[in-house]
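Some structures are shown below for you to check.
In the two complexes below, chain A is the common chain; its partner is chain B in one and chain C in the other.
This part shows the complex of A and B:
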């Protein structure tokens, strides 16, 4: 529990003065791996535009599986293998040591090397190159490589988040901002600002495009937006609900909710032809479609049994089966890439929690203990679940590992934050 | 159905004016009488119109006085007696006009956002169906659900939630 005490007392990482979100790690694993990330040597002119080692250090700490050594405790600051003295790191009980060098020749180039302190050997080395203004993303990629080398699980730090931040305006319309940020909440970019509600952000499977619902036309409509070009297209303008866009794994189809035919049903839109196919026909509420990773079926929420529960629609057989049976409120499923772990909103004793449903064993495990938890979004490597909750009467983002062991919060400096959507792996 | 007596009075007045025209006597006298009758009819129409307008204004004031918000119980889209009473005042006022009607459905913050979007629509539809059953043309009514996105009260707890579970008539 040394680690837990350490994080509670010390780790309120303020990542950057311009970052909108901060990180407060509230719970880590009992025996995290001790790792020292030594400040990387800057070999360019002036000073380094970004503290790459701090980015990596923060990523590893946030995973909850690593306990980074504080810089003040470091007995040396090696930047090459020749400068590594293992006894300095054994003295700190450090298991692994990461060093590196950053240079710029047109592009930024990061060379790094990972050492096993106990075995006194180099275990991994690599190089990351990219534009200077993507320095943080390069740092996240180094963290991904280190994480994968030491845990066997692909890292998901070099990914992005979409979320909605809201500034309350008493007696008037709130400001809603659809925001894109690094996976640690840094470098927020406002993609859309509106005095009308914005919600339900969703990623295209290649991470190049997003979809969302905006009320800017005074009624809900689904929009699609290219992140690189900013090009934007209004996909729907139907009477009634236009909501819950969900991109198919092949990127060709968008599942959505429309109530144009009387009550909320799930439709599929072929994005090339804009042709609609209605896949549910029920007088109950059918909403919140989520594709299974193989694209052969979708999960959705329906109150056709009287209370909201998760159902599964099989596209080939056109059959629907009920998936959740435990409790009186199970909604808004999101599926991990393994096609097995599903995160949902589950109500127990009047409180709304994030729960993990195993589709193979049908076991339901509640992951959170707060009471207004919603909008779970799972990391592309399946390790962490980002969700929205309320803390001190404000909407904040929080994260929990799928085993429930690691927890952290990402409160905003001001306003409410909600509706997180974790990107897929980004292509380089 | 309070507008009916007003319309009825107007029709009676017009009919009386027409009778005056029909019953008038010889040429010049007839013309004078016809002119007088026309003037009387016009005055009657104006009076009727003024009275109708005044009555419509009275109905609208009465509707405004009860407010344009209809509240709902938790997890319910059934109209409460309070909502019906409020709604009735609006229906009599709306029957005397042809303005478009926008019903905005809202929920409290509990539950998921998209599911609440659907619940808000259900509440809007409840109000719409009651209006249509009471003679308002369905083509005049648009239902837009905001789900939990537009709270009136930002805090948690029933005292806030009960203010947010509502349909607003715009």
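This part shows the complex of A and C:
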């Protein structure tokens, strides 16, 4: 009859097993994730034209979400899954490990694999191929894939930046250069060089075209330019101010500031017919239009209340409402793709900072601590904000994460650098 | 206790009784295996080990002063209530509890008891002493024994909680209110031997961050100090519910 006792015990155990302890975890520390990017194996003649692993390493480090392991600390340099010894990486407290191989057969081909060191499994593997002279872009794409896998947010490393650099010329007109570069500031290409000012570069939503203001015709005019073909079109040539072009999310309309009818107001231009619609009509200055991602409304800066503040114009109802109330200076809004986070220039204690405005909670958070920060531009995945600031009496570009925790300066080049514009996601 | 009842009447002549018992027990077992053994998410007792500090404050000496005639038998029960023992039971969500870091010493909760007694008139005290003291003491002892066991479990749960919190790096896609429920298995050394997802948050990066928080913690060696009965009861297998509340949104 002993078995009966066991049966009873079993029933009791089954019963008691149901009341299992559940511990709730409602907080975290959010330190950067440790990842090791092992130098990729080069499987071609000579040496690799580009250190792909270094490109990826740099991308992940700049995001602030990752803390890459230094190469000198690596106990091994595996390039295939069979060569991975997890204990080597566990010893370094590394959470993830990225390895890869690069080969060239006409095109460059990068094979890579991402491992979870703690669980000792492969998380993801992939292949990127492309022209050899696009090696860095291929590296950025690998970084994008790793970033998305581990953060749940699409990576924005394989994107481009536009900015204006001005070289001072003693006793003459300055040189203005409109420059295109990788998201890390590498590979700058000058798109336009002028002895007259170039301003306000902006991207088309597909990333294929740009718009900007150039004074080359001796008065400000808005141009649009195709990046692949170099083809240019002058969109406006009005008396007075022609500025601040902003492409609508569907690519069909451009918002701009014109003063042809008196003082600066916001207009919409239908890009096919070039027909203009005036959407603000106020004796104050209305400027710096920025589309909401749904294309149904625009944010703009106006001093109609006495001081510059952000307002929102609803296209359907043709109504305007004030958006910012904190402080006496809020200007130049740029909206993240989530339609919730807005980056602006905010003045506090006489200093100009980049701030993040949450349109849902209306909370304003200052992101930067330098004092002459301007022209914020947000990454297409909403994770980083690029802006112009002053460093050692020069205009430079800097970036800050949307939580304000990570800041870095982009490599400084000659001249004053200003007005950065972060591209949308680039189609391949 | 049940077992002894069934073990005794092993009288070989009555054959149908054990068979009936066997049938009933098998039926019971089958029932529990099929119905209750499955994961009933709602039935989980949720322990937030943190509120012990608040519990200690609830048992305020002044509360006992105005009461003129406390019934000795009822009192210990009422006092026992605000302890963590009771906290573990309610199935209602313990949401509004403030996030307070667990404090090591839960003893303050016990103190107010002796202080409450002197408020009672002396005659009554004597009466209590004579008539009911032994009974009250026995009851108290029992309450205290279960309380310490549960308090111990609660403090170890708090320790696990704090350790995991310190290792949890949420991905930027994490949002307040996301929930990932993990099943954890430990061995008596405190080492984590298995982490599985019972309920995914729907965000793989979030789930992975939760799993890795436990994997990075790796072990909770302090659990070696726990009596093995308590370990088996509570910590051999338990669940971790990852649900951030402190993110920007």
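Of note:
Criterion: the second predicted complex is superposed on the first by the 396 of 428 C-alpha atoms of A that agree within 3 Å, B and C clash if a C-alpha of one lies under 4 Å from a C-alpha of the other, contacts with A are read in each partner's own complex, and residues count from 1 in each chain.
The rule we apply is simple: contacts are C-beta pairs under 8 Å (C-beta built on N, C-alpha and C of every residue); 3 or more make two chains touch, one makes a residue touch a chain.
This is a predicted model, so every value here is computed, not measured.
Once chain A of one complex is fitted onto chain A of the other, the partner contacts of A:331 are limited to chain B, with no touch recorded for chain C. When both complexes are overlaid on chain A, the residue A:392 reaches neither chain B nor chain C. Legend: residue contacts after superposition of the two complexes on their common chain; A:345 is shown touching chain B, with no touch to chain C.
Legend: residue contacts after superposition of the two complexes on their common chain; A:105 is shown touching neither chain B nor chain C. In the superposition on chain A, none of the residues of chain A is touched both by chain B in one structure and by chain C in the other. Across the interface of their complex, chain C is touched by residues 1, 4-5, 7-11, 14-33, 65, 95, 116, 118-119, 123, 149-153, 358, 360-361, 383, 403 of chain A. Within the complex formed with chain A, the residues of chain C that make contact are 2-3, 6-7, 10, 18, 21-22, 25-26, 28-29, 32-33, 36-37, 40, 43-49, 99, 153, 157, 160-161, 164-174, 181, 203-206, 208-213, 215-216, 233-235, 237-246, 248-249. For chain A in complex with chain B, the residues that touch the partner chain are 168, 173-174, 197, 199-200, 215, 218-220, 239-241, 243-244, 257, 259, 264, 285, 287-288, 301, 308, 329, 331-332, 345, 347, 352, 372, 374-375, 390, 393, 418-419. On the chain B side of its complex with chain A, the touching residues are 109-115, 117-119, 121-122, 142-147, 149-150, 154-156.
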